[in-house]
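What follows is chain A paired twice: with chain B in the first complex and chain C in the second.
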Partner chain A sequence: MQATWLVFRREIGQYLGSPLAYVMGAAFLLLTGITFNNDLTLSIGYKPLAPALIPTLLASILILFAPLLTMRLLAEEQREGTLELLLTAPISDSSIVVGKFLSAWAYFTILLALTLVYQVIAVSISFPDISHMLGSYLGIWLYAGAALAIGTLFSSTTENQILAAFLSLVTLIVLYFGDAISQIVSNTQLADILFNLTLRGHFMASFAIGVLRAEDIVYYAGIIVIAIFIAIQIVSSRRWR
Partner chain B sequence: MNENGGLQLTRGQLGQLGIALGSIGLIVTASSFLLSGLSTMTIAALIMSVVGFGLWGFFLPDEFRAVLTGRQMRNSTAAILSTAVLIGIVVTAYIVVQRANVVGDMTIDERFTLSDPSLDVVDAVIRNSRDIQITAFYNSQEIEYREVDDQYFQLFEEASNGRIHVVYVDPDEQPGLAATYANALDQGIYVFASFIEADGSLSSTIPVPITGYHEQEISQRLAILLASGQFTVYFERGLDTLDPIDNQQQGMSVLNNIMRQNGLITNPISLAELAASNETIPEDASALIIAQPHRQMTAEEVAVLNEYLQRGGSVFIAADAMLTDDLFMAPDSIFNTYMWDHFGLRMTDMIVVDPASSGESQISILSAQVFTGNDIGENINLEGQPDTSVQFQIARAIEVNDSPPVQNGRVIMSSPESWGERDWNSLFQQNNFTFDSSEGDVRDQFTTVAWAYDDATDAKVVLVGDGDFLTNGRVQSPQGNATLFLDSIGWMTGFTEEVQFQPRSYNTTPVIFVGGQMLDTIAFFTIVVMPGSLLLIALAIWLRRTRQ
Partner chain C sequence: MIEVKNLVKKYGNFTAVDNISFDAHPGEIVGLLGPNGAGKTTTMRILTGYMPVTSGEVKVAGYDVIEDSMEVRQRVGYMPEQVPLYPDMTVEAFVLYWARLRQTEKPKQRTQDVLEQFGLLDRRKKLVRSLSKGLRQRLGLAQALVHSPSVIILDEPTIGIDPKQVVEVREVVRSLRENHTILFSSHILSEVEQICDRVVIINNGKIVAEGTTDILGEQTHSGLALYVHIDGEKAHIEQLLHDLPAVTDIQLHESGFIIRGHDEELRHAVMQVVADHRLELLEMRPVDRRLEDIFIKLVN
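Take a look at the complex of A and B:
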């Protein structure tokens, strides 16, 4: 636990000390800010503010955002040879992977928390559905955890950051648009299975509309656990390959 | 190939073939198991896999042993196995939780929680002797909609202790079943509710239009389904009235179909035939409709109707203006006198002309004043909804006795600027209607729809001075025409009371507190200040690094 905390602190320090992370954050806030203002203008005198607007937007942005955040996590260490050093240190493989993953998730959490400013504004000018909004934020936080875990997994497979980003991007696209693939197949059962495998399917049909389903939480937690576990196995394999 | 041109395989090649077979078999087994469980295909693929790996072990025993016992293999096998076990645990947990259906409603309006009125409907379902099936049609392209709808269906399924069953049908996979619902499916209605009979067949199927207010819509239709079959409405056909089966412009099939879709039973009847055979209107008659009759009623027919009303019957009368010597409810006719004597309502000999509230001409009058203190008028002339008005092409004025023998009242009146035209010849033959007091024309506000209720017998009457508004060509233009008729039927039969469902009100309101300046401030802060601050931090870090 102590080792995980050390890795986490080192990694989050790298995020917060990197100008690129702030530029990414600025782009993130610009996009969400424009979306919020657009909805606000459309809502005046006509409809309540959409409680899940920002999380729904993030559900698609994360396909691009998660690979960018995670691509360097382990791939850079491998390329620069520092992973070998880490592996010889008195730190377990799981501490390395989990610490790095948690740092990426924490960075995203900070950005997500910044978007709560929109909700504070919403509360001050109208009567938004706060519980619905908080539910959708919980959903997108778990969704992001799953997306970042997948990114961490692919970052552990190669020393090439671009390749790691590309592989996680492709995987996230498949997991996001899996329901679109399910629309191509004519078999309803198969379409149902495909839909239930997608990241989007577990967000749009529940958190986004104000429902909290235990199965969705288990799904995202499951993706995180499996992806991180495989990443740990891959890192561990360097010891006996 | 050997020297003779035959195929010759080495042990190594056979072993490799075994690996390929085994691997493919394993993948097919997993896929087949996920798709269809432990099917023939799954077992066959599993056998293929075992045979494949068996061949590998048989033809290349040394390689097989080395792979199984080598250090790398041990480690990678352990990694793969532990991952597979973890995936298995996660999948099992997911399935268990999914079956448990643990759901939390996060909306402020509790949209995913059944309201008290809905629970009352569900209680009625539980008390009912027959189970209910909700049949919902989704093809593979509509899985996302199904996922959303399913959450509402499950609420009803659970609240009813399984008395409401949900069945999903793919219309592409079961076109035969879908054909039964083809008309409704074409209109975008894809959910239906039916009773399940003892033999498993479905009955009294009604459509459940889903427009976004799932709970309210499902509850309302379940209430209607529970009431279905309880009410029978008869169409009088012996007076040359509108045909409820005719789907042409002059027919009345639209209203008939709407009533049937709402669970009402409709049947034709002839007062003349009943009178001739000395029979009475059936006991199950919840209401009788006399729509645009073309002749006067005989004394015998009036007697049949009177007998029905005396035992608590209800009658809806749409008496049109016609240029005929045999005008239905002519001022001095038997039936007109009967209605005045018993219910304090009668038709006059005036056609209403309304310069202030009319459509394409001054005799095409709109509902200028509506009395909303009754079940019939409450949904007419709704504020901001012009389609809820009622329009009569030519309407006769109704006289309402203000000291009636029973309770009565007005539903719709013309505007105070209107007047009554008595010269029907000039109006019908030359389309000429001008106010002429010498011909008996009267300036007044006229009643065009009225009601009466006899609390001693429970008899109910609705009298309308027009019949055209019931025809297919007019009944939905404006929509208020259909509302007038259906709400009248609802009041007369008691159907409205039976299926009455008070939907919940919603707490969320539109954004209203924002002025232009505040909008600008919000936009400046969220689009400029917030991202700009991060950019400034990025710049500061970059400058500090370059200086170092």
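Take a look at the complex of A and C:
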């Protein structure tokens, strides 16, 4: 635990200490801000504010964003050789991987929390469904955990950050849009199964429309556990080469 | 202390370390000497618990490196060949990080102590990326020593730094001898001779010689090697030198010759030839015994 905390603390310091983190944060807020403003303009005449607007937008943005946030985590340690020091320090391999993953998730949580400013504006000028809104935030937070866990996994496979980002990008795209293949088999049952395997299947059909289901939480938690478990095995396997 | 018994390490079909045994005791600096690819780094990685053995028994500080890996890792200070650093951290934060990860008591105090020991105290707020190569080397040593390990493993700590810094690093290593067991790898013979009490020479994963530096010196020091440059026609001079009874071997080198022979007789013999034939001696100096020479001698 102690080691996980130390690794976590160093990594979060890296996120918050690098200019890139602030550029990414600014881009993140710009994108969500523009979207929120558009919705705000529309809501004056046509429709109420959409409570799950920002989380729904983030669901697709995260496909690109999660690989960028996580590509550095383990790939850089390998390239710099510091992984050798970590693996010869009296700490478990899992504390390295878990600490790093949690730091990425925590950094994302900070960014996500910043977008709550739009919700404060929304609440102060209109009457959005607050439980719908908070539910969608919980959903995107879990969804992000899964996406970042996948990014962490691929960062452990290579010392090339670009390759790590590319591999997790491809994996996330497949996991997000993978059910598109069901359109050519015209089998609704199969399509349903495939949809339920995708990342969006457990967000768009539930959190985004104000539904909380245990199965969605289990799905994202399952992806996190599996991806982190594999990442730990990959890091441990460095010893066996 | 370090005990290595019948250590074998294979990567697939390739045997990197082939049945080596040696030990090192507290208060002793043992040099691991060998050319690149001899198996030095692999051996060190096994000792630090980074890699498992294929077979054999390895104990560090009284603990088995596989069974009690954590105990071993707690007691070993390791500096890999390419000193791994986090460029975006400050010097102080970097050392403190490793102090805490290794559960050092009073990590802040120890960090101050090692920074002072390695002359980094005034640079403690600087970013690691701004340090010169020599300072990075010192930071690598500080990192390896911050948790007061009883065993210190240094993989080629003097490679790639300038001569003044090499001397500094050597002094630091010597100063650590008293309370530690030190394993030091190098491919420079003279360096090992200066620092180490005992030397283990490995080549192709096998130990080719082991002993104190004096004994090894005698074993391999079959006389003296001199570089001699005498003005005049090459073939003629070669013939003259070759005919000297003291010279056992002669070879062309740069604009003169390297001659080998028995001890001080050699110099006298050369001077005699020069005087007798009224030649002009432009240069005569002893040639460093190179590791390659020793290998050739040891292998033959």
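Annotations
Please note the rule applied: the second predicted complex is superposed on the first by the 240 of 241 C-alpha atoms of A that agree within 3 Å, B and C clash if a C-alpha of one lies under 4 Å from a C-alpha of the other, contacts with A are read in each partner's own complex, and residues count from 1 in each chain.
Basically, a contact is a pair of C-beta atoms (placed from the backbone, for glycine too) under 8 Å apart; a residue touches a chain by one contact, two chains touch by 3 or more.
Just so you know, these numbers come straight off a predicted model, no measurement behind them.
Overlaying the two complexes via chain A leaves chain B and chain C side by side, clear of any clash.
When the two complexes are overlaid on their common chain A, residue A:201 makes contact with chain B while staying clear of chain C. By the touch criterion defined above, A:211 reaches chain B but does not reach chain C. Counting residues of chain A touched by each partner, chain B versus chain C, the larger count belongs to B. Of the two partner chains placed by the overlay, only chain B lies in contact with A:236; chain C stays clear of it. Legend: residue contacts after superposition of the two complexes on their common chain; A:18 is shown touching both chain B and chain C. By the touch criterion defined above, A:36 lies against chain B but remains apart from chain C after alignment on the C-alpha atoms of chain A. Angle at the C-alpha centre of chain A formed with the centres of chain B and chain C, after superposition on chain A: 160°, rounded to the nearest 10.
Of the two partner chains placed by the overlay, neither chain B nor chain C lies in contact with A:106. Contacts of A:81 after superposition on the shared chain: chain C is touched, whereas chain B is not.
By the touch criterion defined above, A:45 reaches chain B but does not reach chain C.
Contact with neither chain B nor chain C is seen for A:163 once the two complexes are overlaid on the shared chain.
Here chain B and chain C sit at a least CA-CA distance of 7 Å once the structures share a frame through chain A.
In the superposition on chain A, the residues of chain A touched by chain B in one structure and by chain C in the other are 17-18, 240-241.
Touching chain C in their complex are the following residues of chain A: 2-3, 6-7, 10, 14, 17-18, 80-91, 239-241. Against chain A, in their complex, chain B makes its touches with residues 34-35, 71-72, 75-76, 79, 82-83, 86-87, 90-91, 93-94, 97-98, 100-109, 111-112, 138-141, 143-144, 146-148, 151, 168, 170, 172-173, 507-514, 518-519, 522-523, 526-527, 530-532, 534-535, 537-539, 541-542, 545. Listing the residues of chain A that touch chain B in their complex gives 17-23, 25-27, 29-30, 33-34, 36-37, 40-41, 43-49, 114, 117-118, 121, 125-132, 134-136, 179, 182-183, 185-193, 195, 201, 204-206, 209-215, 218-219, 222, 225-226, 229-230, 233, 236-237, 240-241. For chain C in complex with chain A, the touching residues are 11, 45, 48-52, 70-71, 73-74, 76, 78, 80, 82-89, 97-98, 100-103, 143.
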